[in-house]
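The following blocks contain the structures, represented as structure tokens.
One chain, subunit A, appears in both complexes that follow, with subunit B as partner in the first and subunit C in the second.
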Partner chain A sequence: MKKINYSILALLGLVMVFTSCNDSGKKSSNGALASNNAEKVYVAPGEQDEFYAFMSGGYSGNLTVYGLPSGRMFKEIPVFSQFPTSGYGYSEETKPMLNTSFGFVPWDDSHHPDISQTNGELDGRWIFINGNNTPRIARISLSTFETEEIIELPNSAGNHSSSFITENTEYVVAGTRFSVPVPQRDMPINEYKGNFKGALSFVSVDPEDGRLDLKFQIMMPGFNYDLSHPGRGKSHGWFFFTTYNTEEANSLLEVNASQNDKDFIAAINWKKIEEYVNNGGGTKMPANYAHNVYSDETHTATSTMEKEVLTVDPTKVPGAVYFLPTPKSPHGCDVDPTGNYIIGNGKLSADLTVHSFDKMLAAIDGKKFDGEAYGIPILKFDDVLAGTVKSGGLGPLHTEFDGKGNAYTTFFISSEVVKWKLGTWEVIDRKPTYYSVGHLMIPGGNSAKPFGKYVVAMNKITKDRYLPTGPELEHSAQLYDITGDKMELIYDFPTHGEPHYAAGIPAEILAPKSQKIYKLAENKHPMATLGVNDARVERKGNEVHVYMAMIRSHFTPDNIEGIKVGDKVYFHITNHEQDFDVPHGFAMIGANNSELLIMPGQTKSLVWEPKEVGVWPFYCTDFCSALHQEMQGYVRVSPANSNIDLSWSLGE
Partner chain B sequence: MKIVLKSTAILFSLLMLSCGGKEEKKKEGFSVKQKKATTEKVAEVPVATEAKASERIDLVNKGVGPIKSVTLNETVDEAMAAEGKEVYDQMCLACHRIGKKFIGPAPNGVLERRTPEWVMNMILNPQEMVTKDPLAKDLLAEFNGSPMANQGLTEEQARAILEYFRSL
Partner chain C sequence: MKKASVLMIIGPLLLLGLYFFPLWNIMLGAPQYPEPLGMNIHITGIQGVSEFDLQNIDGLNHYIGMKVIPKPEDMWEFTVFPYVIGGMVALGVIIGIFGLMHKVSYKWFLGWFILMSILGILGMYDFNAWLLDYGSNLDPHAIIKVVNPDGTPMTYKPPLLGYQKMLNFDVTSLPHTGAYMMFIGMMLTVVAFFVGKKAIKPKTPLS
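And now, the complex of A and B:
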């Protein structure tokens, strides 16, 4: 980033002192402030951003990568949705990634990305994100920036209080928003109460390769589990979930789920449950869920249907689960960097409720209970409460931390970010957002070590922030500088899809290990064409397999004859480039799927079913060299009954 | 002025090659195109008088890149050459065929025209070579602007490929 000219800063400081004398002056000083702010967000041509920001795509089902402070978008990583740009979910290799117990599901609603941690600090190995609609958790490599694994969650529905990780990435945790009959069965909806269950899933993460495994599910009462965060530091080993609809209403929740003055934050001692499970506790129940793993050696995903899940009845593990009463249908559930404070944002309230972990332990010790719910002890509100933030705002949703003793909370209804002090609960500053902010993000802001330089507010409503683009708009995000006492709005940029949450990390952690190519020598794809001498076309009945290689700027082979109407043609294409940023594309006229975008050293396969006799072209879609327009070829398609032999060539 | 001459030459060769492309269609019997193929053969003569970069001999220039000096033994190291062939077949063969001009020149006899250092630098550092080395620049023009890809080989692999070239 461009260094700030200090004399200009000093001058601006003076200007600010003068203009802040009257309130109306503040608005007119926008011009001067704006030029100062312009320097703060200006990343000069050729220079790079200070932070990566990974924003969930919401209804795009994907994950987008931005730079901060510039707000420039670098990449959209396909996760739960088919992505014709690269062929993800269309290529033969990646179709299994979107397999579920419901069959092939080409879309989802992605919500909460979380970066892996070691000792509570971001380690930048993987990023996880949840599919909300068809409950799934994905693991994305932060060296290839590709989705490597997706695991489906049985007994879940509306996988919303996910996908948050524990302090050492022992688990990625996922809670169900909708409670459902477990196991699923045909029953009257209005018999919900007392019969439905809310599953909290603990998916273990292999410390070496990140491989996911659904270790156990805690079968909680049939509330809605909204959001969650791990304990850290002293509270490591615990996990906290907000709940709403403790009324267990099954209809008109807008009214019926707001009857109780207080819902709960569920405090789960997962270490205790892990120990219980490791000692043979829990009940195995039949299940059916997909576990999809992508290998960047074979460039291929496999999907396995898992048939069993270990469930835990929380009442069978004494001391493992407690309810902390929390007012007004709490939404966000955030834990401060020290691990002592658990903040519940009662979305129908003006205030924030802060629970103390220390007080919670003392209340458990002293058996300060206020009854129980389905056998789970409810702790006395006053005995766990650390304090209340009287904000004066409306509709608090989410809180992040700057690591300097401050917390920042979004207020949806009053459209603002409020900065307040941990411990004294006093409000220090508030700044408007445009408009109706949902989540906010400080890089590392939900870890033991936040990087408290910027906060990004992710808004639900855009209205007039940008040039209008018809009824449908991208969402708006605002960037605030939080290095001073007061927050300063310094930038505004549109974001793709609907980012529900984001995870940020300093570029210096990720950039050096970002992978440049896939090594051809390490390509273990069974259909790879590793040398052009292996390029060939083979027929197996009406299946034709084209083993093709590509390099600037030709395909080997580029003339293929002997294909017939009714054939199913598999193009297995290997990019022979070994240089950074030389992808090639492949597009076949009339293909009913997508293109392929193939990275150096990678192999991808596309199916094409020719329907008409003729000579049909294919070409490279990624401008690869001065001779890119020459990178093309033809397939001759003959009638089904023709006896033209299969042949292929290049330059003959 | 030189630049104008050079670019005219490139233009000519481009014209030639594009006509060459149409020659394939001649085999399929489009008589209209055949005529053009004939004019192309005439056009070939003036270009031939220019010294083609691929035929130029320069046994001094070491090129631009990491390789400053290579010592060649009297006899070809067959094991190293075999290793080189293996890498070559995977990484280079798509563009460089043995014994015939393809996307790029054939490697046969390259050491009669180039220093071993030049060859290895061209393999290891092609982007810089085609911008800074005059000969590599001319080759890029002669071969239609088709870039020499950097295949990310190690020096050992490039050295083995050089040995393979010696065995051809």
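And now, the complex of A and C:
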């Protein structure tokens, strides 16, 4: 305890030192070059940004799309959270997307987006993101910018060292932050040590359609698996995970999980485990997890409960898993573009630890072990260490790369980004962030081919950066130009939710393939109304199905009678527009869910349970046309015992 | 006469381009349509420049009460024009071949050109009449009725040739590849006439 108290004091001291350093930095950043910086981020009206930036929504559960360098937000893509704006998670078609083994979970905490790669370079087919709270991985199409698939991860909890992809998108990898009993069972919490397991999940991605499949789970010792990144180039086939709480504490972790001077980076040779599994290795165990798939042809999601998972005991696969001692509860685990350097960002330290992949292989070959943990060999720290970055900062969290031999690391406690050189480990530059930066992002900055023009720092504390909006604020991000030797702060913008990690990609890769409409002729929704003559209302007991079409500027039908109190009315609405950016909305008075925002050629369904007799209006919520205000209709609701026949009409 | 006759065969054959390329093109741009909507007028019917352009033009036109863009079966022209063009190509080629065989004089070449020009002018007249009807024969129950400053109802006849501002739309109407090929082909027959005439001339003093 004494030692801890001493180091906390030391931390506080350093915080003060660097706070004053930051102040002097701040002055110089507002200097005479400010107008030049304005030009760098100015995207003139009608012009478009150079990069897409996909920022995780954190506790919004979603993914937001920004442009760089302008910092303008283009879209919020609903992923793990209900989104009344579009009806995601409220419409009959999308409710299955949020199904889990715990039932319908309308929210999550999304952290780490990663864009699909081919040969280690961004290919822009899909983006993946993890749900942290109820462990899930989502795949989002980068042509429709909609969530297409969500797979739940059994045996996992706090799905944090996720979702990072391998060099050719063979796998999207997800590690558990919290270790848990596997299988879950009723047991005393304080029997954690030695009994809990940490599952590292390898979810395969079909190269054609991107379909996810939980191929195997490695059941690791009960540590906390914090972050991860794939090997690339020479280290392709390996995956690296930072760990903390190797103490296996189950209470007051802030103290009890900070006792060991070194935790581990777990190096996993997944190719070896894949081979083992392909040859029939591993143990199938019963499980229960949801696999939800959305089709943009039927515009409908299905949810399937999977009942089995293949688990691998790492000690049964010799040479597959090693521990690399890494100081001070490392957080970020980042691999440089060449694949040789593995950076452990020891968050309670001032220094960065850089391991060498080459040295790691040599140490493994020489069998130079420093004991083992639960049967997993521990390599000697000095044998794998490539170098230490004496940063002078405090609380390193994450590192990205510019592809020119430089690395950029965020320091949470000293609130700065530090630029340093790979190989010489010398610090080249440092710039303050506002305030307490978490992740940073360079487009492609964690791939074999970064686009090293900008770095975005995503901060945890906003305070006075923007006009105050009461106690609750959006987060702040800063944009730095990194084309010169020194970083230059050129812009500052608020971000939605709590972005953790982000992924950037040049606009020229994505923009040309962004879909404009859904073709009505390809709409395979079973409830679609493909021609206005098919518009109708049908009763099945107390269920009423309204098959409705919409086009500027009317609904077909727009007068419906014969609905009764106690009915469950399903509106199945098809947008007949085939013109870019002409969605229509649908809102029904008193509906207990949300609106629907229906894209051209798309069908969505909303349930409405009328509770009162009367004539109730519905209308289009998207100002679609000059006659938008006329785009409305009425439903007559009669008493439960009335015998008014169903009827519907338009323009009569 | 041989050179002239060959030109007389090639010229009408260029009209075959009308079966493959649009005769005319009308583009409609607006603030809401930075990528303009467009229609290509072929001798066999009207097609959208992009997949859904016709549907979207019809969708917009319903506000001002214009009829939907005709389908090929709605206008006799789209059935008859292909035969007329085919007939004129055949006739021109036959005249050219007869020219090669010295069975007809070069004057027939000009004759074909004059006939084709008359048909062309009639075609343009007919096209313009359709544009006029399409743009001014409006549904009396139209949603949006705009009147000119003099109180007469605004009509929406697209220009036969050139640019015109119509409400929020910038309309440009120009000949397309098929028309240019037809124009070149017809000019070749005129050249054939003069080449044929020149080839005859030196012989006259001797005769």
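Note that the second predicted complex is superposed on the first by the 622 of 652 C-alpha atoms of A that agree within 3 Å, B and C clash if a C-alpha of one lies under 4 Å from a C-alpha of the other, contacts with A are read in each partner's own complex, and residues count from 1 in each chain.
Please note the rule applied: contacts are C-beta pairs under 8 Å (C-beta built on N, C-alpha and C of every residue); 3 or more make two chains touch, one makes a residue touch a chain.
Nothing here was measured: the structure is a model prediction, and the numbers come from that model.
Clashing of subunit B with subunit C is the outcome of superposition onto subunit A.
Put simply, more of the residues of subunit A are touched by B, taking subunit B and subunit C as the two choices. Legend: residue contacts after superposition of the two complexes on their common chain; A:V532 is shown touching subunit B, with no touch to subunit C.
Of the two partner chains, both subunit B and subunit C are touched by A:I551.
Of the two partner chains placed around the shared chain by superposition, subunit B is the only one that A:G651 touches, whereas subunit C remains out of contact. With both structures placed on the common chain, the touch criterion links A:H398 to neither subunit B nor subunit C. In the superposition on chain A, A:H236 makes contact with neither subunit B nor subunit C.
Superposing the two complexes on chain A places one of the subunit C stretches 3-11, 93-101, 111-119 or 147-155 into subunit B: stretch 147-155.
Residues 517, 551-552, 577-579, 625-627 of subunit A lie at the contact with subunit B in one complex and at the contact with subunit C in the other. By the touch criterion stated above, subunit A contacts subunit B in their complex at residues 517, 519-521, 530-533, 549, 551-554, 556, 576-579, 582, 625-627, 651. In the complex of the two chains, the subunit B residues touching subunit A come out as 89-91, 93-95, 102-103, 144-147, 149-153. Subunit A contributes residues 517, 551-552, 577-580, 625-627 to its touches with subunit C in the complex. Residue ranges of subunit C in contact with subunit A, taken from their complex: 35, 51-52, 55-56, 59, 63, 143-144.
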